Amino acid sequence: MKPAAFEYHAPDTVEEAVALLDAHGDQAKVLAGGQSLVPLMNMRLARPAVIVDINRIQTLNYLAEDGGTLALGALCRQRAAERSALVARHCPLLGDALALVGHAQIRNRGTVVGSLAHADPAAELCAVLATLGGTVTAVGPQGTRSIPADELFVSYLTTSLDPRELLTEARFPALPRGTGWAWKEIARRHGDFALAGVGVGLALRGGRIAEARIGLTGVGATPVRAARAERSLVGAVPSDALWEAAAEAVRAEVEPDGDIHASAEYRRHIAGVLTRRALAEALTRAREAA
Amino acid sequence: MSTRYFGARVTRNEDPALLRGHGLFVDDVRVAGVASGAVLRSPHAHARIVGIDARRARTAPGVLAVYTHADLGTLGEPLPKLIPHPTLIHHKTQRALARDTVRYVGEPVAFVVAEDRYAAEDACDLIAVEYEPLPVVATLEAAVAAGAPRVHDDLDTNVCAHYTQRVGHVEDAFARAPHRVRARFVVDRGASCPIETRGVVAAWDPRARHLDVWDSTQAPIPIRNGLARLLGLPEQHVRVVAPDVGGGFGPKIMMFYPEEVLVPFAAMRLGRPVKWIEDRREHLVATNQEREQIHDAEIAVDADGRILGVRTVFLYDSGAYIPYGLIVPIVAATTLPGPYRIPNYHCEFRAVFTNKTTVSPYRGAGRPHGVFVMERLLDQVAADLGLDRAEVRRRNFIQPDEFPYDVGLTYQDNAPLRYDSGDYPACFARALELIGYRDWPARQARARADGRALGCGVACYVEGTGIGPYEGARITVEPSGRVFVATGVGTQGQGHMTSFAQIAADVLGVSPRDVTVHTGDTALFGWGTGTFASRAATVAGNAVALAAQAVRDKTRLVAASLLEALPEEVELADGRVFVRGVPARALPLGEVAQAANPLRFAMPEEWEGPGLEAVRYFAPPQGAFSNGVHACVVEVDVETAMLTISRYVVVHDCGRVINPLIVEGQIHGGVAQGLGGAFWEKLAYDDQAQPLSTTLMDYLLPTAADVPPVEVAHIETPSPLNPLGVKGAGEAGVIPVAAVIAQAVEDALRPLGIHITEAPLSPNRLRQLIVEARRSP
Amino acid sequence: MKLEGTTTLPAPVETVWKTINDPEALRRCTPGLTELTATGPDAYAATLTIGIAAVKGTYKGTLTITDKRAPTHCKILLEGTGGAGFMKGEGVLDLEPEGTGTLVKWAGDMQVGGLIAGVGQRMLGGVGKMLVGQFFKCLEQQLGSGA
Amino acid sequence: MPTREITLRINGTTYAGRAEPRKTLADFIREDCGLTGTHLGCEHGVCGACTILMDGDAVRSCLMFAVQAEGAELMTVEGLADGDRLHPIQQAYWEHHALQCGFCTPGFLMTTLAFLRDTPRPTEREIREGLSGNLCRCTGYQNIVRAVAAAADVLAAAPDAGVRRAPALPDGCVPPTSAGAAKTRAAGRARTPAPKGRTAKTKPSARPKPKRPAGRRRRA
């Protein structure tokens, strides 16, 4: 299981990296943490002709709060974000999900932006970006653009990025103060990909639900925002029956695929169960915060 | 024999080197000029090889050679057949490289040798093989269905053996039985998956006409003997070393894997050392797997739940070939009776070829299947007759005064299946006590009251261990006073370097730290069988004891002349030799060893040769039968069907325990592998027998966060069959796990009345059972 | 691996039928098809480079159209072998008029072997559906632009 | 295939070598630097046997290319002991029979080193999750968890414990009473291994390790 040969470049600046991507197009692959790409290369499933290693571009190694939004550079390691006080304060949903991404050794090298670029339909971080309505910044030969989550994820391992563009940043909007949150997933073992996972944000005003966010992973080709379920919650008074209704709405909205670990029916079923449990937990947190 | 270390929790001699990273595993072997091999494997489960074009590969950079079947000459014949059996009429084995037909995904088709593994794999990508796909046999049932495609086209069937054993009058028993239970039990395919994959290094010296081979095998001596015959070399010119082996668990005892022949062949052809290390994807398609069986079983009991008769007819998946004989199905059939008195028993199996990876024993080797069927049948009897699960077992136990107990069958070693000793009721009572079985109903009710589904399970087994034919040991006391023990078994982490040292230390009055045990090197000890079926400690351990006693007697003889005393007056203790009662005038043991190898003057004839050294062999008349009981408490999240195991208890009787630390470690590891097979691990294949779980992302080994702590208690009923009174313990942990988990989950979901008759039981599958149970009240 | 689905194409059945049997349309719409040379009636030698994101494999093999019952029924067979194993796709198409357009019922069986099957099973179902989706989307554009 | 010059430090020693960009860091450490203590179990980032420290972080060396470690400060299992004195973590693994075949042990040791530095006072649940990125097929993990808990105590008690002299096996080792379970032990059972290489024998000379009162409930 040794990788096929490739041309290796380790640029020092974003501009150099983009120039390399521009020159080689879809023959080139960006290497940041490598925790998803290198296994595929070792198995010779992926045989990029050119590797653009961005680990020397230290300008991309940052995690900062920028006007109510957390900005993470492309080299911000998952472990750094997991243990960051900024994330704990502004984006606890991201923090909770990060703790379940693979294992410490994976998170020490894996980057948050890299996970978003890889766009695995069962990855936690893509669903968190979708739940929080985050965006990513892409720098290409034609300049820089911001891509919202719902336009970023296209299908299995496929994003709307052009091969010549480099993802340089991910931006996670902070949950408004007083919002309850919860991340719930079912995985066969600690650290495995989720059979299904859900991230929830819940804001209360006057005992009623002012805002509801429900984002799921593992139940479609991309992360899924359960829009109908969210709408059914806004304005309602929280109750177990309401959570059960939201769970049913989620089950109707998702299109999971089955595989050797779990059938589509099982994933659809636990997506509902996890939604209900996440909403209950988010409610407790929302009330504590009020 | 004064025992000071036997039975003590001595920490291990082998740990300091392993802890420093100074282990010597096959991939760590460094031979100057070594080249690397890679195997091109079939992507088809069944196909004819129309043509192989390796021209571009042969000229690729760094490539030294590309071999296909045509290059192998006599080595291209089907590899040796192990353990024949009269009912095994089609004893098919594979060739080192496929000649014209591939019969499972992963079967070797070409072998490339290059400067390094990277270049060798590059070359594999350049080899163009034209296949003509053939109809595939993907499942056991398809294999025996009428008109099924043939895995071997020179046969008119996929059944390679059909073997029945019977005791008593089975049909009568079933005819007059007031109550019967029938069920089908299905166990899926699993792999032992040691963290070290397989590997072979070979170096040929044409001048000395000597072949050195390092092999991650559990049986270096049979490999040496086989290679010598296949390569036409004297056995003494072939040295096979099983260095540190990173876990074996059964599949590393197969003889021969294709690579074990290809690597020495290439080394001799090229005149350069060759190393092949299996990668994980290769391991999950090309290293032998096991576990796949379908049992149609039935039990007949009287009104009180006493067993009148048991019958099982089962299919055993042997994969594409059957090099290792009928060991697994025979062990399954003969383990089923367990600790119970079964007057009338019928066990019948058909060993079947399928287009999947070859099968050979994996830890437990059929024992888990026999126990799963028996314990599940008993649970159903208890449920049907409204009996307590523990009571239905107690009523059928073989009692302590009935040993040796003749089960009436023939065991895997062709000896009569006769339990040598045991105390099944005591073991069972101890397990019930530890798990808190008496007040379990109350505890369960309390939990159910606050919406939690808790279940308790208890399962028993009897395990054949320590079978022959024999093992040997040579012990030498060196002038330094150190003791050197050489034996032929291989070691894969079982702590032989410590347990054998404890045995020798007690006899020779030295510390285990002063005993060096070296296993698995045919140059150091050339006679022996190997490590399998929980036999190393029992068989080789007793050989070590006998050899140590012989060295002690020789020491007394030599010391007697030095101390002017009679040999029987001489004592050994604390590394010294002295006349009993006069410890002050003692000689260091090393001095006696020095004296035993005189440089001058005459050597007394009665010494029968120089040195304090002896070789002894131990050949047990039959296996020693360990037994035990596992009990557990599980909690089921009924909504998600996820399972947590809150307590796991093992009460175990493997005769006298040499080192409790090591036995407990074996049980912890066995339970972890058992839990893997009961819940996480399944080798998935599609309907074209394409393997779908060839990485550790999909073949799920349980982690530290998944395996619960295991509480272990020992009962020691010595075996009368060997001087040390020991029995095997290597496989005990894995045997009843699927049975006890199934019983506990059924207990937790009692209101639903689900029946669990399969393993592994994934959350996905458990949820289906829950949904089906709810649909049919 | 069984896949099935329906899609509607904005053109009458005869036009859809003609397009499906037109090598040029096949060359343009079969995802990753880089070479398609006719070797006989409704039989082509094909080279395909398919995959998603970093995981790409080149397969050399054949594309054949059989069981033709113009204009409503046919079966497309696609076979290829490559470094990452082999691939065999079989799609049965049934066309029915639906208003001015055509309702296409497709039922496919994708058989994948070797490396890609052993590692990619988690996504093969989804990827298969995606590739078929791309095929029909391209046909739609092809037909929509008034072929 | 063009190769590149790679210079890096492992366990305080500088190594330089040439390798193709595609050569993994694990292969470079094993083949070019001759440090075979780091093992390969899967080469796709699951088993953890290849875990080393890179600039202080536990990483999977099979998922990195050697060129990526240019100029880095690495630590492998060979760097844990100080001559013949084992690191407290190694000592605890030895005393608790936390290894059997030893193939996964180097990866576990490096993971434990980083884990205890990040989580000096771990609960058993934290230990088990911290170790869940390393697979072991022999031990069932139980003794490894105990060893990590014991090492945490030792390191917490004497943070600069660093490396301690391994005490000898006290000869007052009395086997357990033959009847009954091995659970409760008479005093003086064998428990502290002497510093013993597999072949070379270094005479143990230090005094036996003070015995902790049996059965003290460790936090884990």
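We just call them A, B, C and D in the order they show up, numbering each chain from 1.
In this text, a residue touches a chain if its C-beta (ideal position, glycine included) is under 8 Å from a C-beta of that chain, and two chains touch if they have at least 3 such contacts.
No experiment lies behind these values; they were computed from the predicted model shown.
Visitor: When you take the mean of every protein CA atom shown, which chain's own CA mean is nearest to it?
Guide: Central chain is B.
Visitor: Looking at B-D and B-C, which one has the bigger number of contacting C-beta pairs?
Guide: B-D is joined by more C-beta pairs in contact.
Visitor: Taking each chain's centre as the mean position of its Cα atoms, how many Å separate subunit B from subunit D?
Guide: About 27 Å, centre to centre.
Visitor: Where the centres are mean C-alpha positions, what is the separation of subunit C from subunit D, in Å?
Guide: The answer is 54 Å.
Visitor: Measure off the straight-line distance from the CA centroid of subunit B to the CA centroid of subunit C, and report it in whole Å.
Guide: 49
Visitor: At what distance in angstrom does the C-alpha mean of subunit C lie from that of subunit A?
Guide: Centres of subunit A and subunit C (C-alpha means) sit 32 Å apart.
Visitor: Using the touch rule from the top of the page, what residues of subunit B touch 2 or more other chains?
Guide: Residues 118, 125, 279-281, 684, 692-693, 695, 697-698, 703, 705-706 of subunit B touch two or more partner chains.
Visitor: So which bits of subunit A are touching at least two other chains?
Guide: Within subunit A, residues 1-5, 39, 41, 43-44, 189-191, 193, 260-261 contact more than one other chain.
Visitor: Return the residues of subunit C touching two or more other chains; collapse runs of consecutive numbers into ranges.
Guide: 83, 115, 119, 121-122
Visitor: Dump the list of chain pairs that touch, please.
Guide: A-B, A-C, A-D, B-C, B-D
Visitor: If you look only at subunit D, which of its residues touch subunit B in the complex?
Guide: Those residues of subunit D that touch subunit B are 1, 20, 22-23, 30, 34-44, 46-47, 49, 76-78, 80-81, 86, 90, 93-95, 97, 99-106, 109, 127-129, 131-145, 169, 171, 173-176, 178-179, 181-183, 185, 189-199, 201, 204.
Visitor: Within their complex, state which residues of subunit A touch subunit B.
Guide: 1-5, 39, 43-44, 186, 188-193, 195, 260-263, 266, 269-270, 273
Visitor: Write out the stretch or stretches of subunit D touching subunit A in their complex.
Guide: 1, 4, 20-22, 24, 27, 43-45, 48, 51, 57-60, 62-65, 67-68, 111, 114-115, 118, 129-130, 132-133
Visitor: Touching residues of subunit C toward subunit A in the complex: what are they?
Guide: Residues of subunit C touching subunit A: 52-57, 83-84, 115-116, 119-123, 125-127, 130.
Visitor: Write out the stretch or stretches of subunit B touching subunit D in their complex.
Guide: 3-23, 25, 27-28, 30, 61, 118, 192-197, 244-247, 249, 277, 279-280, 482, 492-495, 497, 511-514, 516, 574, 656-657, 660-662, 664-673, 695-697, 701, 703-707, 709-710, 713-716, 733
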